[in-house]
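Chain lettering (A, B, C, D and E) follows the sequence in which the chains are written, and residue indices restart at 1 in each chain.
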Amino acid sequence: MQVEKEPKILAILCKWCSYAGADLAGTSRFIYPANVRIVQVPCSGRVDPIMIFKAFVEGYDGVMVSGCHPGDCHYGTGNYHARRRIAVARRLLEFVGVHPDRMHFTWISAAEGKKFADVCSRFTDELKALSGTEKTLARKELAT
Amino acid sequence: MAAIELVPKPVTIKRIIEESRDVKSYVLQMSGSGKMPARPGQFVEVSVQGYGEATFAVTRISKDNQEFNISVKRIGHLTKMLHRAAPGDIIGVRGPYGNSFPVDEWKGKDIVVIGGGIGLAPLRPVIDYVLEHRKDYGKLEIVFGARAPDDILYKEDLRIWEDDKGISLYKTIDVPFEGWSGRVGVVPIVVKDLALKPDGKISIVCGPPIMIKFTAAALRELRWPNDKIFTTLEMKMQCGIGQCGRCNIGEKFICKDGPVFSLDQIPEHAL
Amino acid sequence: MKEMRKKIEELLKNGEIDVALGYRENPATGEVKADVFRKDETLDDMVFDERCVQNLVNYLPTLVARYKKVGIVLKGCDGRSLVTQLVEHRINKSQIVALGIGCEGVRLDGKEADKCGDCATNMTPIVDYEFGEKKQKKDPVFSKVKEIERMSPAERWKFFADYFARCERCYACRQICPSCYCEICVADQQEPKWIEPSAKLSANTMWHLIRAYHLAGRCADCGECERVCPQEIPMRLLNNALEKAVHELFGVRPGTVPEEVPPLVVLNKEDPDTILEGKNE
Amino acid sequence: MNKWYKMKHADMQKFVSALTEKWEVWVPYRIDGKWEFGIYDTGRDLDFPESVIHVSLKNLFFPKRRPIATYDENSKWSLKPVEPEGKPRIVIGLHPCDVAGIEYMDKVFLQSEHKDVMYASERKRTVLIGMLCSEMADNCHCTDRGLTPDATRGMDAAFARITDGYLLKGLTDKGKQVLRSEYLKKVDEVPDKKDWPAGRYVIASPEEFMEMYDDKIWHEMSDICLTCGICTYACPTCVCFLVTDENFKGKGERVTVWDSCQLQSYSRMAGGHNTRKTPASRVRNRTLDKFAYSHLRYGQISCTGCGRCVMVCPLKRSFPQLGARLTERIKDKKKGKSKSGARSKEA
Amino acid sequence: MAKVGVFVCHCGVNIAAKVDVKRVVDALKEMPEVGFAHEYKFMCSSPGQELIRKEIKESKINRVVVAACSPRMHLPTFQKALASQGLNPYLVSMANIREQCSWVTDDPEMATQKAIDLVARQIKRVVHQDPLEDISVPMTKTALVIGGGIAGIQAALDIADGNRKVILVEKSPSIGGRMAQLDETFPTLDCSQCILTPKMVEAAQHPNIEIRVNSEVKKVDGYVGNFEVTVEKKATYVDAQKCIGCGICQEKCPVKTVPDEFNADLNLRAAIAIPFPQAVPAIPIIEPDYCKKLIENKCGVCAKICPAEAINYDDVPMQETVNVGAIVVATGYREMDPAVYTEYGGRKYPDVITGLQFERLVSSTGPTGGELKRPSDGEIPKTVVFVQCVGSRDESKAHAYCSGICCMYTAKHTMIYKHHVPDGQAYVSYIDIRAPGKTYEEFVRRAIEDEGVRYLRGRVAKIRRLQNGQYRVYTEDTLVGRAVHIDADMVVLASAVEPQEDAVGLAQILGIAYDSDGFYTEAHPKLKPIETASAGIFLAGACQGPKDIPASVQQGSAAASKVLSIFARDNLVKSPQIATVDPTACTGCLTCSYVCHYSAIEEKEFGQRQVAEIIPGKCQGCGACVATCKGKAITLAGFSDDEIYEEIVSCK
């Protein structure tokens, strides 16, 4: 099946900006790869890096996190805290061998439907380029 | 080869009874010709596929042993899933395990049942048993306490017991509550107030650890000997068969040597 | 050392501290271990030298719960880990007397401990009485971290996966770490099971990632986790990688400044977005 | 076959290689300086340690993670028991203390109303060929636990190292059968008898230990203990476990996983109540379980004197030493000179 | 375990054209959690909702998943359907198979598979959702209106008439806003001041309205019902309590070099001045950048002559915190600086002016007293070219959007011009004429047909100043298809409507969203045009996008009604999606308090130790504390770890 070959992406999006941006991509009919699975969180500040770790262990090819642009957070400062946390988490994951291109952290506003679709397409392409390399961290079956 | 004892068998949830804000009772039906020959005081291990298992006292047993009840307070992840269940759902069960209340040895005696909150759950089969064998026993006295009127379990049973002339039922809540005209005060105090005499009687106590501790103290104050006070202990049991190790009190395993003990069988710190 | 022993004796005698936490030498075996010294005893067995590897801060919370005032002998790195404890309300400064001692480095398995090569300060940043010499230290270099960073992602994973697979999940690393003090560790939680209880590669990986991440910006590199690991998993590497990252990203060296809030909860609107980008391979 | 047979060193390898045809053969391997059991690869050099093997045999009979049932997460009740399986196997080179550990596990899992059939199957398929220790390692103290390093009780067959090879002897029918081999020569030799030192960690009686329940020594003993679980994982008789479900991509397994009474999570109940919250209460539970409860339950204390708990302890603090220290305290108490606040100097 | 009812929506063909709905339903039926799965053409329609109600009643399902559009659109709809059957409304989850699946996926096979996955995930999630109860919090029934233009005034008056207190904050020295600067208004040509001034006075005298001019909002804390707003009043150096508004200071002030902002910088005024004659309040302020006393401690004339002794050179900015329950943002717009178009010579050539400057030039309160004279030499302009779309509809140079009001005000300008200079000729260079309002088109026709204004369709390429003081406007007439040029005495540029300079700054203070141009974003472009994404903050007027007076007034009233409807309740009902601390798991490190934007986390005693506690009224449910808590002692209702975990792991 074709779908299986597509790299699997987990997108953790904040409810107010990025999820709305993803909705706008839909309303505007911007086509992007069907392999993106969106998880809604109230704010990028809610994103605990554990979620990102788990996603890689569970076998996602790539993880993206997006929230409101700096200064635009619906909750004032959530995205600033997210930025620090995710920056550190990214360094840790890279250190243990997750390829840097498997993580994509960005800001997408509610008005940036196009940007969301573009990011998804570009990210998918980047992950396809990695298809020959090992999907580190990903567990294979129950017992590992 | 026989399957390992730790693997449960399926049972169907036949009916769900909302007892209080956070307690639901489940009527479970064994599949096929399966039986649950539980005696009063015994417990079962209940599991939800994907969420592991936990221990529950059997709170009622049908005469043909094909149906039994458990009461579940929502506190952890498994009980959360159980609270989400609907009639018709299948869950796993193994057991019955543990010893039971020595109801046969108690014949001819008055029985005093003292329950606090969900602690009434494992005692109900005793009440059922005594009511069923009415002639074999003397008087039945029930003291039941809850935090608030909303926390009272088995409202239907309480109504029946209340109307039963052969039963003395004392209901109490811990602190005054609007619209509650009954007794107010924690169970140990009520026990003291009632000045229950030990002669020709057996008492069984179950509830939160603190309630058991103070009720036992109250009974001793009323000159009850330890071997006439019975309790059933709720400790972290898991395997139910004396192997996983965690439920020990000294060398005894609650799941195997208990859960029913008279107070002379266990050290004071176990309460 | 003599000076310090005298001071502690004095503090104990006049009741300024109830007990002192320090290192005791077993004269018979020559072994040195953490121990509590009380008023009515001689401090002859109290030592401080290169055998005093243990971080005593981990024992503080139990002691301050039992005694009003506790004196503690602190090396530089241990003192750093105390900073986090104070900021996170684990210990009240008023309950402790910090006896800082200029550390000359400690030895493990007959050679200088690895952590001493990356020592950021030989004197505790929080100190009531200072003994010995305070030395100017260079920034840690973390040469082993750099070595790993030079590997390809696949090589790095191979390196760590081999170690992670060995983990028994005895949690000695957690138990010895002064900064690992959750009431219910995430590894013990059922709802949801971020880390499965069984010791297998996937769950062990989660454990080691989360452990390291939770210490990011808080770990003072006392190295105890790695020292006590029965499987010799190089946990300091992970800690150091994050210590290095936190320094590069936020300019913070955890634990070196008293009362400094851990960098991961600091609000800084001026962080550049570039910190979210991947490092070059 | 009640006598000792001899086998040359070079023949031993041939003999074991031949066994692999029918059996799964487990022998000790040295990995990074530590001895542990592994499946024998034909042709690999055989070697046996003089005394205790660092990793106990527990995992062979009662694995760290043991699937007991499987299910499909995406369908309604589908839990199916895992049937015990495995081809016949031989473990070569275990020591008397290992046997003692297995005997204890037998008591837990087999002498029970609810016999553990998976454990039983592992036991049934295994032939134990023990090796008599030729020396006692630093932490060994089996002599204080009613064993000797050259005891053969519980083994199907036993062997001992001599200068130019090995002396072997079949003890049970199973063992004798395995030993039927062309490489064996009947000899008159017997393994050397040694006087094994004792008294390293002498302990009081279970009853005496029981009296210590309320003593305040537990706090002192737990002051420095990390309450990590590693000693329990290393211990050949610690068999506490946890039953849990693990899911991945719709497939699920119900597993038993080793657990440890030293961990805070062990006796924490849903809702937060913890019957053994303090480190002291956990250290007490383990100490008393080893030296007293086990005896009251199964008539055998659950310390075999293998010393592994000392080897793995992150603080190199010896658990048997604790028992010994406690014993000292018991003696002190009995003599009535109970020093209040008596503490050992090493905490 | 739970019994989930699954409803998959076709959304007409929006979903069904790409997603094989039948296959989705069939695939899900097998899941252990699913009680049944249905498909329906429009789930949001009332028969669709009825289907849910019926199944709750009959099939005894205890969780619902609706696979349809975005939950941002219809989640509340389905929540209501659940609630109507006594099922807790938080036990529904939506799978977004329209915006995030059928509309963004080309291949039907992939879309179908993705849809199955998305719905399956929500089924796993919904099982972990807990029933939640709304939270009731007391509130402050006072409103804050930011901006004293016509929209703000209207909002303030309506709220005040509804018997609620209003604090009206205005940055400039007087309320009135842009409308006060206008001469006549389209399409009726009534005098702007004549209709505005009574409203200004009414606002000033209203017992429920407190006007704070020269003031700005500096900080907003809290949440709907209980905002805590810091308002800063800048130093004006005139004591408003003492000043009697006689204006003598303005007369005697020796410094007359201040560009008159009210007159669109067309003239200079004194360093101390009442902004304009009808100002409310009519209190002068001193421009500190120009006042000699303040700069070099000389002069001091105004203080000497002030009969009321109202001058205070030591005035300093004052901050005050006010408590309000709702906020109306009505900060209006500014006119784009035409200097961007160097080829037009705006700001360079004195007689190339903007629309607003034209308003002041023809206004009787303007610099010329209402006589139309061109700024360079005071001559009456005989030929005037009005240039449209300067900065609007021109993405390459300025803005992509249409400023909306220029077509209309230009038509008005040409008419006013003809009334002032009956023998003059007005030209309008335009792209399209947009006049969709009531009687707007007729108004434009009047300018063209009755007043003889010449409309030329085409963009102006360049404006060059000629030797004779005229301006040559190079343009084209695309209707005839040739380039033309007009020599004009004056050129009026319809400069684009832009958000205020500090619009983004204020948005960040308020925590509301804004678009790429800087206009504030409404919660929904069609259905929630007044609300912002932040509860309790509403928009009125041109801060949300270009608007004319009627639209601004409408929106002001609409915002007022929104505020009043909040205030009509006794208590505020808050979303239950807030964070709570499990004290048994909390270590009391309080690192969570560092990340809480709402200061909602406090310390409390629990047994022997201190733990964190979250104040339900203050918590807004962002979850930053949840992600900070290492021991997972904090749970965010609605977005618990459990729920998110399921979404992550149950993806095929």
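In this section, a residue touches a chain if its C-beta (ideal position, glycine included) is under 8 Å from a C-beta of that chain, and two chains touch if they have at least 3 such contacts.
Given the structure is predicted, the values throughout are model-derived calculations rather than measurements.
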Steps in the shortest chain-to-chain touch route ending at chain E and beginning at chain B: 1
Chain ID, smallest distance between chain and overall C-alpha centroids: A
Pair with more cross-chain C-beta pairs in contact, given A-D and A-E: A-E
Maximum centroid distance from chain E, chain identifier (CA atoms): D
Centroid spacing, where centroids are CA-atom means, of chain A and chain B in whole angstrom: 50
Distance from the mean Cα position of chain D to that of chain B, given in whole angstrom: 39
Cα-centroid distance, chain A relative to chain C, in whole angstrom: 33
Residues of chain C engaged with two or more neighbouring chains: 184-186, 191-192, 194, 200, 264-267
Where chain A touches two or more other chains, by residue: 54, 58, 71, 77, 81, 85, 139, 143
Multi-chain contact residues (two or more partners), chain D: 65, 73, 76, 242, 244, 246-247, 249, 252, 259, 268
Interchain contacts (touch definition) - all pairs: A-C, A-D, A-E, B-C, B-D, B-E, C-D, C-E, D-E
Residues of chain D that touch chain B when the two form their complex: 68-69, 71, 73, 76-79, 81-84, 108-109, 112-118, 121, 210, 213-214, 239-245, 247, 252, 254, 256, 259, 261, 266-271, 273, 275, 285, 288-289, 292-294, 296-297
Chain B - residues contacting chain C, complex: 52, 76-77, 80
Sites on chain A touched by chain D in the complex: 58-59, 139, 141-143
Residue ranges of chain B in contact with chain D within the complex: 1-8, 10, 47, 49-54, 75-79, 89-92, 209, 235-236, 238-239, 241-246, 248, 250-251, 267, 269
Chain C contact footprint on chain E (complex, rising order): 584-591, 594-595, 610, 628, 630-633, 641-642, 645-646
